[in-house]
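Here chain A shows up in two complexes: once beside chain B, once beside chain C.
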Partner chain A sequence: MKRILIVEDEDLILKALEFRLRRDGYDVIKAKDGRDGLKAIETEMFDLLITDMMLPFNNGLEVVNKAKEMKGKNFPVIVLSNVGLENVVLDAFKLGADDYITKPFSPVELSIRVKRLLNK
Partner chain B sequence: METAFSELTMNKQEYTHINLSYLYDIADNDIDFVKEMITDYIIKVPVQFTEMQTVFWERNFEQTHFIAHKIKSAFQFVGAQQLVELARNIERVSETQDIETITQDLAAMEPVVKLVLTELQSELSVL
Partner chain C sequence: MESLSSSKSDQYDTIITFCIAFIVCCLSGAFITGVYLFYIRFRNQYYAKRIARLEERYGLLLTGIIFDEEDEQFEEKRKKLIKHFKKTYLRSHFNKRVLRKELLKLYKSFSGSSQKVLRDLYLELRLHKEALADLNSTDWSVRADAVKELGQIQYTDAKLKMLKLSSHENPELRLEAQAAFLALEKENPFGFLETAKAKITEWQQLNLEEIAKRIESDKIPLFASWFGLRNQSVVEFCVKMTATFNQFESGEALIQLLHAKDIRVAKEAVKALGNLFVVEAQLPLIELYPGSSQEVQNEIIMSLGKLGGTEVLQFLTDILYTAPHEQAMKAGMAIRSTGYDGDLILQQALQSEDTHVVAIAEHMLDERI
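Right, the complex of A and B next:
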């Protein structure tokens, strides 16, 4: 079973992402802020990272950077962003993020984007 | 006895301040999950709203911006569009430290936050 790390501090979004991804047959690991996210990247085995950009302690860019540094530049990363944060998303892409999902997310879009990256 | 999802969606109540279609879409027929999400909202959002008021009274605009950004997502989940717009505006004007607008927006939000909670409790009672 593929494992996905979600780094998201907003409870309802975290819960909804976890619910949908488990329903799609994935195992999910959760981190509720940037600091826990960095720790999870160092200690956990997982196949894909989904991270919010605006996080307490360490921001999403640091999380993306760490994942690429630790897991390699081809490691799949999806960033979550709200409308209006396009510049931050661009910065995440410069660091190697592979895709992005706008909040509030569409469950169908989430499934497709995750599946696409995991099957690459 | 558990109520069938189709029965619930057919008997959906009409609300003025919320629209739960997104939440039901995410839940994909799982009523327990809808209950869990609404309960979470009822517990956490009032606390988050009070935090936003407090950090604004302390004139901490960075935190006001941060919480407005975060609470907006919760409002989006329950389709509280009026609150989404107000939170979005607070997020925007926090950057210019516009005290007057934030004061007005927070005052406008307070009664609507309560009305949204009442409607969510009403939904929860029929699930």
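Right, the complex of A and C next:
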């Protein structure tokens, strides 16, 4: 079973994403802030990272950076954000994010994107 | 002697009684304060725990319902869930308030069918009735929250209430109502501008602009039609929107506003003429310059830089050589922004005997800037 790490500070969104991805047949690891996210990247084994951009302690970009450093350049990462500003999106892609989804987003669409990245 | 000592003893007794009374009062006060603080703390903890418990339950139920949509028995499950919700969790206003908050959190984060499911659930549980009741609260912040909620959930039946509140004396409530009206009124979303009596502050204008950018382009009105309104802050906002939505056909109306009594309106009109490249405004702007305030003069220089043209360059060159430092700097910048012809003028300025002009020209031609 594929494992997905979700780093999201909003409890309700975290739960909703967990629910959806578990239904799709994935195992889910959760982290509620940037610091826990970085710790999880160091200690846990997982196949894909979904991270929010605005996080307490360490922001989403730091989380993406760490994941790419630890797991390699081809490791799949999806960034979620409330911010759709061009420079923020570009920063995420420069660090190696494979996908950038702006909130509000469709859970079905996220599910398809996850599947696509994991099948690559 | 005896009577003297007896009177002294009486005095001591009075002082001691007074001191004891004072100490008792202080101790009672401290005790009552302590009990009150303990009560407040206990009450807050109790509510925080209750909210956390409810959030946990609602979270599970809501996430369940939005993701069960693909299930074949979705409708049946949904009906059961709604019945369960009504029976178990929605007995008090407190519970309903927590549910509204949780439902909106999800509603704001998700789009597509999940968002629709949440909206239907909101209406079916009649949570909009709670929000509508909150509109009559005496606390303006409760009213503002309800206004925001009804706008976000797209409860269009509330748009007349929003229109009424868009002229409310409280600026925060007013802004929320205007934003909600923009979101709810599909045919004439900016209709509230016609009746707006209070000033729309710069902060409110920024917020409204952000919301306006999300409106379908065919619903964006011609803002110049409100240039004649009495409320000058509305006119100022409409001028800004004219430039934001590139309403080039309003060039003539903007030129008329150059002589507006309100300096902010005139300044915004100058700025808009530059941003919309209304070349017909070159002469009116040059004519306006001498009698304007420094603030407007600076805007005129920058707008002329965007418009360009022979007469404009001559005018800007005069300012570069004769005006005080701030305007001369702006003129240098404007000349540079006109392109090749402007660069030639600045290179000629390098030969000037006036060291001040040379310094500005060198600064403007510096490739590092």
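Rule of thumb we're sticking to: the second predicted complex is superposed on the first by the 116 of 120 C-alpha atoms of A that agree within 3 Å, B and C clash if a C-alpha of one lies under 4 Å from a C-alpha of the other, contacts with A are read in each partner's own complex, and residues count from 1 in each chain.
In this text, a contact is a pair of C-beta atoms (placed from the backbone, for glycine too) under 8 Å apart; a residue touches a chain by one contact, two chains touch by 3 or more.
None of these values were measured; they are calculated from a predicted model.
K.L.:
Label the relationship between chain B and chain C on chain A in the superposed model as either fit or clash.
P.N.:
Verdict on chain A: clash between chain B and chain C.
K.L.:
Of the partners chain B and chain C, which touch A:109 in the superposed model: first, second, both, neither?
P.N.:
After superposing on A, A:109 lies in contact with chain C but is clear of chain B.
K.L.:
In the superposed arrangement, which partner chain does A:54 touch: chain B (first), chain C (second), both, or neither?
P.N.:
First partner only.
K.L.:
Quick check for you: in the superposed arrangement, does A:23 touch first (chain B), second (chain C), both or neither?
P.N.:
Both partners.
K.L.:
State whether A:9 touches chain B only (first), chain C only (second), both chains, or neither.
P.N.:
Touch partner of A:9: chain B, not chain C.
K.L.:
To test your reading of the overlay: chain C has the stretches 8-16, 62-70 or 278-286, and exactly one clashes with chain B. Name it.
P.N.:
62-70
K.L.:
For chain A, give the residues common to its interface with chain B and its interface with chain C.
P.N.:
Residues 10-13, 15-16, 19-20, 23, 103-104, 107, which sit in both footprints.
K.L.:
Quick one: which bits of chain A touch chain B in the complex? Just the residue numbers, please.
P.N.:
Chain A residues touching chain B: 9-13, 15-16, 19-20, 23, 54, 82, 103-104, 107.
K.L.:
Which residues of chain A touch chain C in the complex?
P.N.:
By the definition above, chain A touches chain C via 10-13, 15-16, 19-20, 23, 103-109.
K.L.:
Which residues, counting only chain B, touch chain A once they are in their complex?
P.N.:
The contact residues of chain B facing chain A are 22, 25-28, 30, 33, 36-37, 40-41, 44, 66, 69-70, 72-74, 76-77.
K.L.:
Name, in rising order, each residue of chain C that touches chain A in their complex.
P.N.:
Result: residues 55, 59-60, 62-64, 66-67, 102, 105-106, 108-115 of chain C touch chain A.
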